[in-house]
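Chain IDs A, B and C follow the sequence of writing; residue 1 opens each chain.
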Amino acid sequence: MEFLWCLVVGVMTTCGVFLMLERHIVRFLFGMILISSAINLAIFVAGRLTRGNPPLIASDALLPAAGYANPVPQALILTAIVIGFGLLLFTLLLAYRAIKELGTADMDKMHNTEAGQ
Amino acid sequence: MSSIIFRTSAHIVTVLMLVFSVYLLLRGHNNPGGGFIGGLIVVIAFALLMLAESPDYVRERLVYSPLAFAGFGVVLALLAGVLPLFFGQPFLTGLWLGKIGSPLLFDVGVYFAVLGSVLTILLNVEEELS
Amino acid sequence: MTQWPLVLPVFIPLLTATACAFSFRSHKLSSVISWAGALANLCVALLLIQRVISQGLLVTAFGDWQAPFGIVFVADLLSASMVLITAIIGVAIVLYSTTDLRSKPFYAIYHSFIHVLLAGVMGSFLTGDIFNLYVFFEVMLITSFGLMVINANRQQVDGAVKYVVLNLISTMVFLLAIGLLYGATGTLNMADLNAKVALLPETTMMLIAGLFLFGFAIKASAFPVFSWLPASYHHLPSAIVALYAALLTKVGVYALIRVFTVVFDLVDSGYQPLLIIIAGLTMLTGVLGAASQFNIKRILSFHIISQIGYMLMGLAIYTPLAITGAIFYIIHHIIVKANLFLIGGFLQRRQGSDNLRELGGAYQSMPWLALLFLIPAFSLAGFPPLSGFWGKFLVIKASLQTDAYLLAATALFVSLMTIYSMTKIWAEAFWKPLPDNAAAPIALTRLENCLYIVPIVALAVITILIGLLAEPVYQLAETSAINLLNPERYINAVLGNMPEPGQISVLAAGESQP
């Protein structure tokens, strides 16, 4: 099962890198989305795929009952998704602004920052 | 977007979703749910209203600027963080008064911070694009 | 009560930021709030470093969830001194931006963002949990994105695209590294990782360490991945670029130093030869890039890169003396670099340009500013007895001790080239008469002049003080370096108050079930 998920992560990353190599800024963004999802999946797989119970501690116990699922990777992914969501929103708007302002979506043609040299 | 069915139902659904978001916020105490998801549902509710009416309509209904909601939320969450320090306990430790405690305050803070910041983005984007 | 000074450096900037955002209607009110927040933070930072010197390491576990399960904030000597320097820069930038950004719309939002950025930087220095480090990096990053594009013109948007693209890649690599590290060791606490990383198979360890190195190298703008920095910095408002120049890359270097001493051992990880090459090339490319530029902010931006090379060199040599040098260098560099950008910004404000061809005559009209420029400029180049001399002296001495002669020669050559760049700014902006086609200098009011000059003078005084009182700063850096290379004290302080061993083994078994 883990091997299968590793393959999925690998394929997603490959597609993401391929898209990121494009000069078109929107394709780059799609590549980034793919890779960040792949990384989230990788963290999930790295936390081991087990069929477990919710990691809740009963009110009269000190430890959760055996066979609980590891909650840490899920907390990590949740945080990463929220942060990724913010970054993605920002980058999308920046790309929109760049295309409107600079008149091109081709990153090779964005030379304005070197102007005046 | 100006269909009368959509506009009428959007108003009803928005109210229902606002109630549901509060339910999710409180449920988050010891079940799946919580401030983050509750805040997002508020945003979806207002997004629906925004599509049915206009961004200005939503701003008017919000009374305060969405950014103010976000700021209020951050202050609440920070307050929940420092409160235990006054009682000699580490940052963010839960303080309990019966069933209600500082984690609820934190969650309410998250709720407002999320709804405020995402609504700010949403309304500005809608105004910029249209 | 020991927790207060640990939490407040992050808490105060966040609260100040919210208050600034609420007071957007009145410029005066938001300035006052911003000043008050920055000054309060400086007081807390002083309190923190005093506590750390007198009581040793301070640790607090959030929500009373003990390490290694909960998130901890740890202040050792390195963190505390970094927090202090950040707080000093915070005060300087806030004062300076009161006049520099006054004319901008969204003035209060600028202040608000500056404080959130400071919170992110402080959090990165204080946290003892590697995922929390990621979160604070993101707080810093998102705010820096925001500051970069508020009210942006064409060039700023273009620069921002480059900045955002490379930094997003760094973020993703860093996150992947954390995920894999957690998968391999089952912990995220840096102190706990120290022992567990040593047990990993070598290839796994090298893969993860390489990802960390790559991610942090982008943040620190090291050799092959520095291009975002000169592309994006020079079009920003002066106050903002000074803040970025002082702090952002240095947080990357701090993270490298922290991760490659406490978590991984640089020598064991096998990346030492690579890092030595990176350090040398970073120095060289930075300084050569600067030589070809004719714009104050661009020259200074390229110099950030070359100076990062010295810090990486200190880390790469990996002897106590070298790391002492690197830490000394970071402390010196943050102050000096911010000051140079503030002076450049002042010149730009007066003449309306930061291009050296359109500048001149500053020595005639403001001889005192020329003197103030010489202090950080000579310090950057490494003239004794200014602060930069000691930093360079320490890293070069360490490289000679380890027979890295080529590296030492590179460092000395780069230092010479730095003098060339600094004299270029001096000759063009200060010495040469004002060109005929240049606009007449803008007259500033007394208050504006004051607000521009006070932070510059204060930072210059600190530079001189670090130079003259090198001994205490050296001892501070040396103690930090020794503690980094022998992290037992750090580990004991963080993990010391763990629950009983029986409980842990049960929990650990539950956590890493296959």
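What we mean here is this: a contact is a pair of C-beta atoms (placed from the backbone, for glycine too) under 8 Å apart; a residue touches a chain by one contact, two chains touch by 3 or more.
Everything numeric in this text was worked out from a predicted model, so none of it was measured.
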**Message:** Quick check of your reading of the touch definition: is the inter-chain graph here a line, ring, star, complete or other?
**Reply:** complete
**Asked** Going by the average position of its CA atoms, which chain sits the greatest distance from subunit B?
**Response** C
**Interchain centroid distance [CA atoms averaged], subunit A/subunit C, Å** = 26
**Item:** Averaged-CA centre spacing for the pair subunit B and subunit A, given as whole angstrom
**Value:** 25
**Inter-centroid spacing, subunit C versus subunit B (mean Cα positions, whole Å)** = 35
**Request:** At least two other chains touched by the same residue of subunit A: list those residues.
**Result:** none
**Prompt:** In their complex, what parts of subunit C are in touch with subunit B?
**Reply:** 1, 3-4, 6-7, 11, 14-15, 18, 21-22, 60-64, 73
**Prompt:** For subunit B, which residues count as touching subunit A in their complex?
**Reply:** 36, 121, 125
**Fill in**
Per the touch rule, the subunit C residues reaching subunit A in their complex are 131, 135, 138, 141-142, 145-146, 149, 152, 154-155, 157-162, 164-165, 168-169, 171-172, 175-176, 178-180, 182-184, 188, 231-232, 234-235, 293-295, 298, 355, 503, 506-507, 510-514
**Request:** Please name which positions on subunit B make contact with subunit C in the complex.
**Result:** 67-68, 71, 74-75, 78, 81-82, 85, 88-94
**Request:** Flag every residue of subunit A that touches subunit B in the complex, lowest number first.
**Result:** 82, 89, 93
